[in-house]
């Protein structure tokens, strides 16, 4: 690669064809209200952790729905499980339960978490 | 007193409803319909949003009301010309017949956008790309299948085809597509529980009664996926499926997938009859629709005395709005001609 | 802080390129840059139409505006008739005029483009000419190119060119009279001034980064730095 | 109300004769034989009048799109080119380069919608050079002119886009070049989505056009994304995406409208093969990429080594054999001097 001075760029596109939707089903079986989420962002707006670190629960949740698992564990470690997001959700989504279950699901799938 | 003559142009839900009401008053009502039968474009729909009432049954009620009257119905007849001379309206048909009336109701309705103008979406080029009406035909037949006769594994609905699009000259929202996509996605999941359904939207305009609830039900009960983003192009893959590309604007990432059917939620445009007669009568509004005198208080009146508007000839409207509007227009006609109800 | 939005608005390409964006993402969907860089033309439009001066300044300082490949695919599709690629051109212009381009890795590359393409135009009348495509700087051109480059006179003669000679034909020498007119146009229309700015801000950045900087040429630390450096954080 | 049109039926106006030719930096550099051939076709095959003026120069397109040439400068440089055309009293500008074609469209559109920009340009040009200029009557790309005359040329052709062995049409990938159609679809033949300019030639000459998913995707040049070595990963990745998409269709060759696209789609196949060992044809020799002039010239029976096919990295002989083109392998690496030059090194993987 050194002699070329560059390497071939990798795609960032979400390819739905390569997504395993069974993983999403695991979440929605445990937390059916996750299906109702309309990604409005009220959760991210009220998030206590987001005051201090760059974290959006909305985006993390969305990426999980789209099968993009690679950075979710690290993102979820920013959550303090305070539950404010659950209080404000206009669709009654159990956001706190989603976070809790995502950690279990991703751990089972061997997506590594950075130790706190 | 001599009976007044009223002409209703257009035999869709608006025309049928207003003609039927007016026939109860002291006037002769004549209804013109360019197709062989009355009923209008709604006939192609299987079930109506948001309550899944069977369209056919609902329309049969309207039509049977009409059949009880002494209205003269001219089917296969298109009004080509309209002109007002000394308070009398003179109309000419495609059969070169002439009619006169004291009042005319324009109920000429809409047409759907021709998606061939959006070549990048591949309609008319790839058989896997179909319109919401063609999809409705499948729902009516109770069987959703690809052009190869196979059961689709994945279906995408794309909103705003021909609406909110400067490139085709339509800046406006067509109002009915968002909820119709929700309806059709639910019906899809009822027929094909294992199919994956994706709905692409820019804004989901769930403004009518029970719309938001239906949207929620589609997610909760049926697992319909919603992606905020407008599909930029559709192309055929090697195995004749359809590759679509959009941005997932809520993730801020480009997104692509392959589907078996891409259903285009084609928008609403003024019908040719609406544009042609509005122009001839001098009441042409924006985008070829007919222009009412005032949106809020005189929405069934025009700047021409004795010329009234009913239904979707003014703007994209839902069926519920069209029928209510026809009833309101009837009231205006009765008022104008100072008619009394038949004894 | 200068009023960046005002500066942008003075360029006709900006008024052509941005009417009102409704954030549909149709541009990003097919953008070659969005697929391979952390780039999203929709968000550029959103940031710029917010008229938020701080957000615009952030853009002018960032790698983001330098990711676009100017293919113009966005213009074809936009349902509002916008052209994000044109907005990018104007943002890049302002970034260079204000010196903010030197604050980002991708922006700093402008020096290398100025020292190659811009100088090629004034010195030779070509943006790119056979003699400019040195196989050493272009390994991806492959061995046939190297063969062609080394046998340029004989091969181009066979292909009907007029390589570096007077008169008409491919690869001809552009006459001094023509080059003088190009140079005067560059002076009158602001290109020369832009080039001076690129040089001046690059020199300051080179000092800050403690890299050697020659006033001309392509054989100095700073040139190689901007030409070769890829921090590989442009994707995620 | 805006008039709606089906793009596939859209035909633009292409001038019939009296062309003023403007050469392309990239085409001259990488495909000088293509430019020479185009002029030969116009003069010898079609009997047209064309001027090849030595007093022209770059349109600055690459500099403009890599942001080292301001728009005012580009407009004034374009004005100078037009002023030079006015001297020869011609009105039909024919730019060899697709980016020049796009840039000229952009400049003319700007002048039309912003008359103050036109006045400013006139002032600049006058001040810098004392020149004045007139707007051209017609701007057409060489491929437009070939497209317009495709039926006449077919009558003169020695070969067709047909596999000599099987009698089947050759499968051709056409690549239009973003700046040909995407900026101003109304300046093209058939619009931006299914442009007819190359497809029309291929079909008229008995070939089959491949419609593959990434047909409209950019080759990846990206101006600064190639000019700077550190950025080339973007450029090659886009070409890779196209080739991955076209591979299952087994194209016999690619024909490109734009000189840059032709060069990149040729060179990046080499780079991908050498970096990752990947090629996109069954025989691992790569898919030949031709300029539109080269395709026309081959079918007309010109010697492939006079057209410049030896300066392609992806070797073209398999294609020549399919079409049945008669060629002398020993003549390939011979220059004008008649001496056989030493052959280029062979790559490892392609």
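A, B, C and D label the chains in the order they appear, each numbered from 1.
Here, a residue touches a chain if its C-beta (ideal position, glycine included) is under 8 Å from a C-beta of that chain, and two chains touch if they have at least 3 such contacts.
This is a predicted model, so every value here is computed, not measured.
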For this session: Report which of B-D and B-C is connected by more C-beta pairs in contact.
Result: B-C
Problem set entry | Distance from the mean Cα position of subunit C to that of subunit B, given in whole angstrom | 49
Exercise. Between subunit A and subunit B, what is the separation of their C-alpha centroids in Å?
Worked result: 40
Exercise. If you average the Cα atoms of subunit C and of subunit D to get two centres, how far apart are those centres in Å?
Worked result: 22
Seminar exercise, completed: Multi-partner residues in subunit B (2 or more other chains touched) are 120, 228, 233, 248, 252-255
Exercise. Mind pulling the subunit C residues that touch 2 or more other chains?
Worked result: 30, 34-37, 140, 228, 230
For this session: Scan subunit A for residues touching two or more other chains and write them down.
Result: 4-6, 9-13
Exercise. Classify the inter-chain contact topology: is it line, ring, star, complete, or other?
Worked result: complete
Seminar exercise, completed: In the complex, subunit A touches subunit D at residues 1, 4-11
Exercise. For subunit C, which residues are in contact with subunit D within the complex?
Worked result: 11-13, 16, 30, 32-33, 35-37, 66-73, 75-76, 89, 92-93, 96, 106, 109-110, 112-114, 116-118, 121, 125-130, 132-133, 137, 140-148, 151, 153-161, 166-172, 174-175, 177-179, 181-182, 184-191, 194-195, 198, 226-230
Problem set entry | Contact set on subunit C toward subunit A in their complex | 34-38, 139-140, 228, 230, 235-236
Seminar exercise, completed: Touching subunit B in the complex, subunit C uses residues 22-31, 34-35, 40, 42-43, 77-81
Exercise. What residues of subunit B sit close enough to touch subunit C in their complex?
Worked result: 120, 160, 164-167, 202, 228-233, 245-249, 252-255
